[in-house]
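The next block holds one structure in the form of structure tokens; read it before the comments.
Letters A, B, C and D mark the chains as written, and numbering starts fresh at 1 in each.
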Amino acid sequence: MRYKDLSPAVRRSLWPIIGLFVLLLANVLISPEFFSIEIKDGRFYGSLIDVMNRAAPVALLAIGMTLVIATGGVDLSVGSVMAIAGAVSAGLIVGGVDNIAIVIGGGLLAGVAAGFVNGFLVGYFGIQPIVATLILMVAGRGIAQLINSGQIVTFHHEAFEYLGVGYLFGLPFPIILVIITFVLVQLLMRRTALGLFVEGVGANASASHYIGINDKLIKLMVYCVSGLCAAVAGMIAAADIGGSDANNAGLWLELDAILAVVIGGASLMGGRFSVFLSIIGALIIQALTITIILSGVPPKFNLLIKAAAIIVILLLQSPEFHRQIARFKKAGGAQS
Amino acid sequence: TVGFSQVGSESGWRTTFSESVKAEADKRGIDLKFSDAQQKQENQIKAIRSFIAQGVDAIVVAPVVETGWRPVLMEARRARIPVVIVDRNVAVNNDQLYVTRIAPNFVDEGRKAANWLMDATDGQCDIVELQGTVGSSAAIGRMEGFNEVIGKYEGAKIVRSQTAEFTRAKGKEVMESILKAEGGGKELCALWTHNDEMALGAIQAIREAGLKPGEDILVVSVDAVDDIFSALKAGDVNASVEMSPHLGGPAFDVIEAYLDGKRDFEKWMVMDGRIFTQENYQDEYELRKSQ
Amino acid sequence: MNKKFLPLYVTSSLFVLLFLVGSVQFENFGTLRVFMNLFTDNAFLIIAAIGMTFVILSGGIDLSVGSTIALSGVIISVLLRDYGWHPIPAFAFVLVLGTLFGAAMGAIIHFYQLQPFIVTLAGMFFARGLSSVVSEESVPITHMFYDNVAMFGFELPGGAWLGSSTIIALVVLGLAIWLANFTRFGGRVYGIGGDAQSAALMGVPIARTTISVYALSSFFAALSGIVFSFYTFSGYSLAAVGVELDAIAAVVIGGTLLTGGYGYVVGTLFGVLIMGVVQTYISFDGTLSSWWTKIVIGLLLFVFIALQRYLVRRGTKA
Amino acid sequence: MSTDDTVLALRGVVKTFPGVKALNGVDFTLRKGEIHALLGENGAGKSTLIKVMTGVYRRNGGIIALDGTEIHPANTGDAQDLGISTVYQEVNLLPNLTVAQNVFLEREPKRFGIIDWRRMNREARELLLGYDLDIDVTAPLNSYSVAVQQLIAIARGVSMSAKVLILDEPTASLDAEEVASLFNIMRDLRDRGIGIVFVTHFLDQVYAVCDRITILRNGTLVGEYEAATLSQQDLVSHMLGKELEKAVHEKVGQAEAQTRETLFELNQGSSDVLEPLDISVCAGQVVGLAGLLGSGRTELCKLVFGVDELSQGDAKLNNQSIRFSNTRQAVVAGLGLCPEDRKKDGILGPMSIRENMIMALQNKRGWWRYIPMKKQRELAEHYVKVLKIATSDIEKPINQLSGGNQQKVILARWLAAEPKLMLLDEPTRGIDVGAHAEIIQLIRKLCDDGLGLLVASSELEELVEFADKVVVMRDRRKVAELSGSDISQQTIMQAIAGQS
């Protein structure tokens, strides 16, 4: 089958996946044992697993962010919400709560509350998403620091730490959490009409209103989901280092999450979305980070490499770029 | 009234620093105007100018970066408000612009850490370095001091160096990858990190890779925050160079003396940190626990 | 009263209100000096935010401004220190470089139909990365020219000061108003922001306009970097982190819609001033801890935007 | 065949979209000083041909020559510079700019290098007065209704025309009076030697102004004819490739209506912009809304559907009082509104035809009862067939359909949702003659099944054809109600003009 004959949907999903493979291949050149996966005490162990494991927080954020972006919005507060959720859970543990359900429930509740605030401001107040969520991006980190009194709250709680460092079926638990969230969201979006409504609101809010879709409620919902995902990511981050670092947890991760969604091919103007491709996007970003670490290039070049890689990946997805390449090839062929 | 312009609240160390300044001000009955710059120099400059506009009696600054202070310091001088620089250094060629600097010597901290490590390993060591934020003066200074010392030893070299942005989570993540890249890390001799947070993250990665931090891989860092003492006790960390966050006291001493008419201050009061190791940490550990 | 300007009236009155509240509460607040400080301290932000206004009016966004500010500062300081350049050619150099950088981003956005958010995000990484490659350390600037320019200004009553950077910012403001509302280019920018497809069908040259808009924004960012270097007398690769978000917030507070097509350059000036007053207010208060500072900034931002929406909505109904 | 007075000549023009050959070797010749109709079914390729001429699309083959020299406009701006001005099918103006700016965009009058706002506003005002539009030109465009916007677009296009003026369905939402005044202007331009291309689905308009006719079908040229020698019947059969059957129907007279139960009632209802008015619709009844532009028909539909809030009076559905706080409640209660502005309020651009069609039904069922994919496909296939929607694939994004076909999809959306009371605001805007008849038949059938219908339309002919009752509006209030045999174009016109 030729590329031209592929349906647009397949074509769209092809490029992020190719991008990921190219990056992984680059890693093999840098460090030959990149693809080797060993089994140590019944656990998979290797760089590939690391990529997935480390991508988990951004992947979770990206899942929520995908829905938000599909409605034509954006959620800048996810990084801060991560910090809040981590701080709440840590606070509960240090405060003597041992029941894991309460600890996790507390974190999730914080996430939903944050999402509710965002969704309310965007949906019912009609404040522009970037600004509405900027409020919580700034204030949220303050709230997290307030909970922690600005310190890193270290804790020991075996069950909770399992979220970050545990293993299930030989895989790090964060990976499992991403899979579970993905499946749940996918069920919710594709087995009910919610996904359709989300895309409708993003494609044309005014037309959706005329169809009778409750666009405000849909917006409220997606921000709540985003808040929830951010809370899970925040708890993973806290569990991973056994401490809640309100100052740095999730710092600037909102940008990574947005980047992941866009690499996954979604438009920031809203409309069509694919949660799966956003996760691929998150994997690409993490693979890139690990490539940079492994490459041994001095850190001051990190950002330059990242910028170059992003542009290349974006160009790969651009149909106009394909056309240019085709034209170039044709011209080259004619000359020789 | 004293205005205090703080960098931000990017780490636990910084917060302890802010709190201790506030507590000290309370104790002495000083009316403290605290301003958090959220890691931005421009905010700090704004804050200082607003202190000047408010007509405070003295200003304490913990600068974000070393450069770029001359214009605003000159303005303070025109308004006859004394300025004390704490924590980081400032680079101005006219030392009349401030009363004194109470600051550590980052280069020296790097040297101390390196000297300790070279002693412990007889100068034979493959080292992994976790740098602080690219471009920060602490990272640059500590790197310089450390490299200067190990440059004298044939057998010591840095095999890998990456930034982990001074945070615990990044420390763990970066170390994890480095261990993989170094074939599991069995060949490595030591880890040198530009602050304790990164070390605390990295030791978890080392442990998860099946090695024993502090034995298989020696760990040396800077700051000596509270958490590092637990790690020293557990034997996960071998050494940490002290950098005291309790700068409020000395700063207010200087200000009080200045307002009493004293003028000839030493222009750089170097905060000379101790180095805590497995051998000497106990006393300090007990002391901090009791607080 | 023209309804079109309602958001503008609301924004400016809220600024005055905030300033009055501060003046009543703290002594020395309601002075010409504090007022002028708002301009001096935020001159660079005013310039960057004005560039951002054009981008946002055209329906785009530019995340690279903070990094561009840092990059131009670093380049200037390195040129001065290591290559012995005179500041003026160095300024010309960074302005040209900035313009080209913006034009390149605009071209990528237009010709490859990529989203501005992401292209300029890559631009942000690129400029920041390039500045740390040029110099990791902060480079001080010591040049007589800088001293002279920094000294230049007019003494106003009450210890207030009208300095060179304020003057530059005001000139830029005037220029931008002219460009936005009295030239064909301005109409095109608003048009593209309103509906790019229709604009194309009406004969607006989309490519040229898009590229110009980003070039303009980066030009202003580079200029802002120059003003910033007068503010700090140094070039530093980590300078001006997050200024793009401040600029966006200022533009939006100033009443411009992020979806493009609606808003005024003057609004942006008030947006910056409002954020400046909030900061001044907090540092006059001086009792807030780091986290309360953040929370209060967030709350004020919220109260402000909610109030603005409420007033504008009521105004358009009445 | 091209003579000396040929101004624009197209030879063998080809345009392909992925999967569609929209134009397949089309020839077209426009002479100086003629009005040339370009006709064809929905999706025949008229708009595409125009967009190729004006550089919006790059042609895949063929020659376009202006005054004998080949041209390659890369965008509309180029075409305008060459002397071709165009009014595109959808209103393509800038909603956020002022009316005057829209009229003068890209050719603003200047003084000392600065835009002369005063002069621009004055000239725009004078220009629009020529179209009987006495409006505030400094107000943003989107404060006016689609019809007004369409007039503004025409005014802009006409005032720019140098050699060629292209009008793609300019009369779709205009009423008779405006159409007449537009035709006067067109004739005037023709006499000044300008070549005019005119696309429309109203055949009587074709005969009223056009000199020659070019017909397209499925992207290929059917032929070029002199208007004077082509009968309407032949014209239609050339367009459709077959004869058209006319539907006839019985009106539900006043007497019969009274025996039916009232479905919907509005008593002294008013909104912020509408004066209080009464209106009632029975099951099985078609109520027409007539009026001039800006008379408040659209506002009334929005009020009934709950987009705007009822500020006074009350509404009843099946004798139960209703008050909607959002549109979803209206949909669940059994209402449907097919909006006037399809680009802004109708289509979900990037979504597929299937999704666009099932959306209203799905919304009515609620989010958790997802319509199975098989059922969705069936529904979509069904309506594509019934409404003759020209598309190869129901998974195609709707914004790749031709304008008329988009309108059909929106209609299908509400037909699929099976509401009790359907509100149609200019439902047949841009729909071709073949489908027009089909749709009217469909609507009749629904009415027989007990649907109540409120139709706002500027086409009196259409209203007369199938409305059982016509409510006439003027200046945002109801001025007359006609029913049964009282309904004729003449009586409606009289009511509109205020001479009852």
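As a convention for this text, contacts are C-beta pairs under 8 Å (C-beta built on N, C-alpha and C of every residue); 3 or more make two chains touch, one makes a residue touch a chain.
Chain by chain, the UniProt names read as follows: A = ABC transporter permease; C = Galactofuranose ABC transporter, permease protein YjfF; D = Sugar ABC transporter ATP-binding protein.
All values reported here derive from a predicted model rather than from experimental measurement.
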Self-check item: Comparison of C-D and A-C (more C-beta pairs in contact)
Solution: A-C
Practice problem: Sort the other chains by how far their Cα centres are from that of subunit D and give me the top one. | Solution: B
Self-check item: Mean-CA-position distance for subunit C and subunit A (ABC transporter permease) (Å)
Solution: 30
Quiz item: At what distance in angstrom does the C-alpha mean of subunit D lie from that of subunit B?
Solution: 71
Practice problem: With chain centres taken as the means of their Cα atoms, state the distance from subunit A (ABC transporter permease) to subunit D in Å. | Solution: 43
Quiz item: Which parts of subunit A (ABC transporter permease), given as residue numbers and ranges, touch two or more other chains?
Solution: 145, 150, 267, 300, 302
Practice problem: For subunit B, write out the residues touching at least two other chains, lowest number first. | Solution: 9, 15, 18, 134-135
Exercise. Would you mind listing the residues of subunit C that make contact with two or more other chains?
Key: 132, 136, 289-291, 293-294
Practice problem: Check the chains against each other and report every pair that touches. | Solution: A-B, A-C, A-D, B-C, C-D
Exercise. Can you check the complex and tell me which residues of subunit B touch subunit A (ABC transporter permease)?
Key: 9-12, 14-16, 18-19, 131, 134-135, 160-163, 165, 167-170, 172-174, 176-178, 180-181, 183, 197, 200-201, 204, 208, 210, 227
Quiz item: Contact residues on subunit D for subunit C in the complex?
Solution: 56, 75-77, 79-80, 86, 88, 92-97, 101-102, 105-106, 108, 110, 113-115, 140, 156
Quiz item: So in the complex, which bits of subunit C are touching subunit D?
Solution: 4, 178, 181-184, 187-188, 190-191, 193-195, 197-206, 261-262
Quiz item: Taking the complex as given, what residues does subunit D use to touch subunit A (ABC transporter permease)?
Solution: 18, 305, 307, 326-328, 330-332, 337, 339, 344-351, 355, 359-360, 362-371, 413
Practice problem: Report the residues of subunit A (ABC transporter permease) in contact with subunit D in the complex, numbered from low to high. | Solution: 8, 191-194, 196-197, 199-200, 203-204, 206-214, 216, 267, 271-272
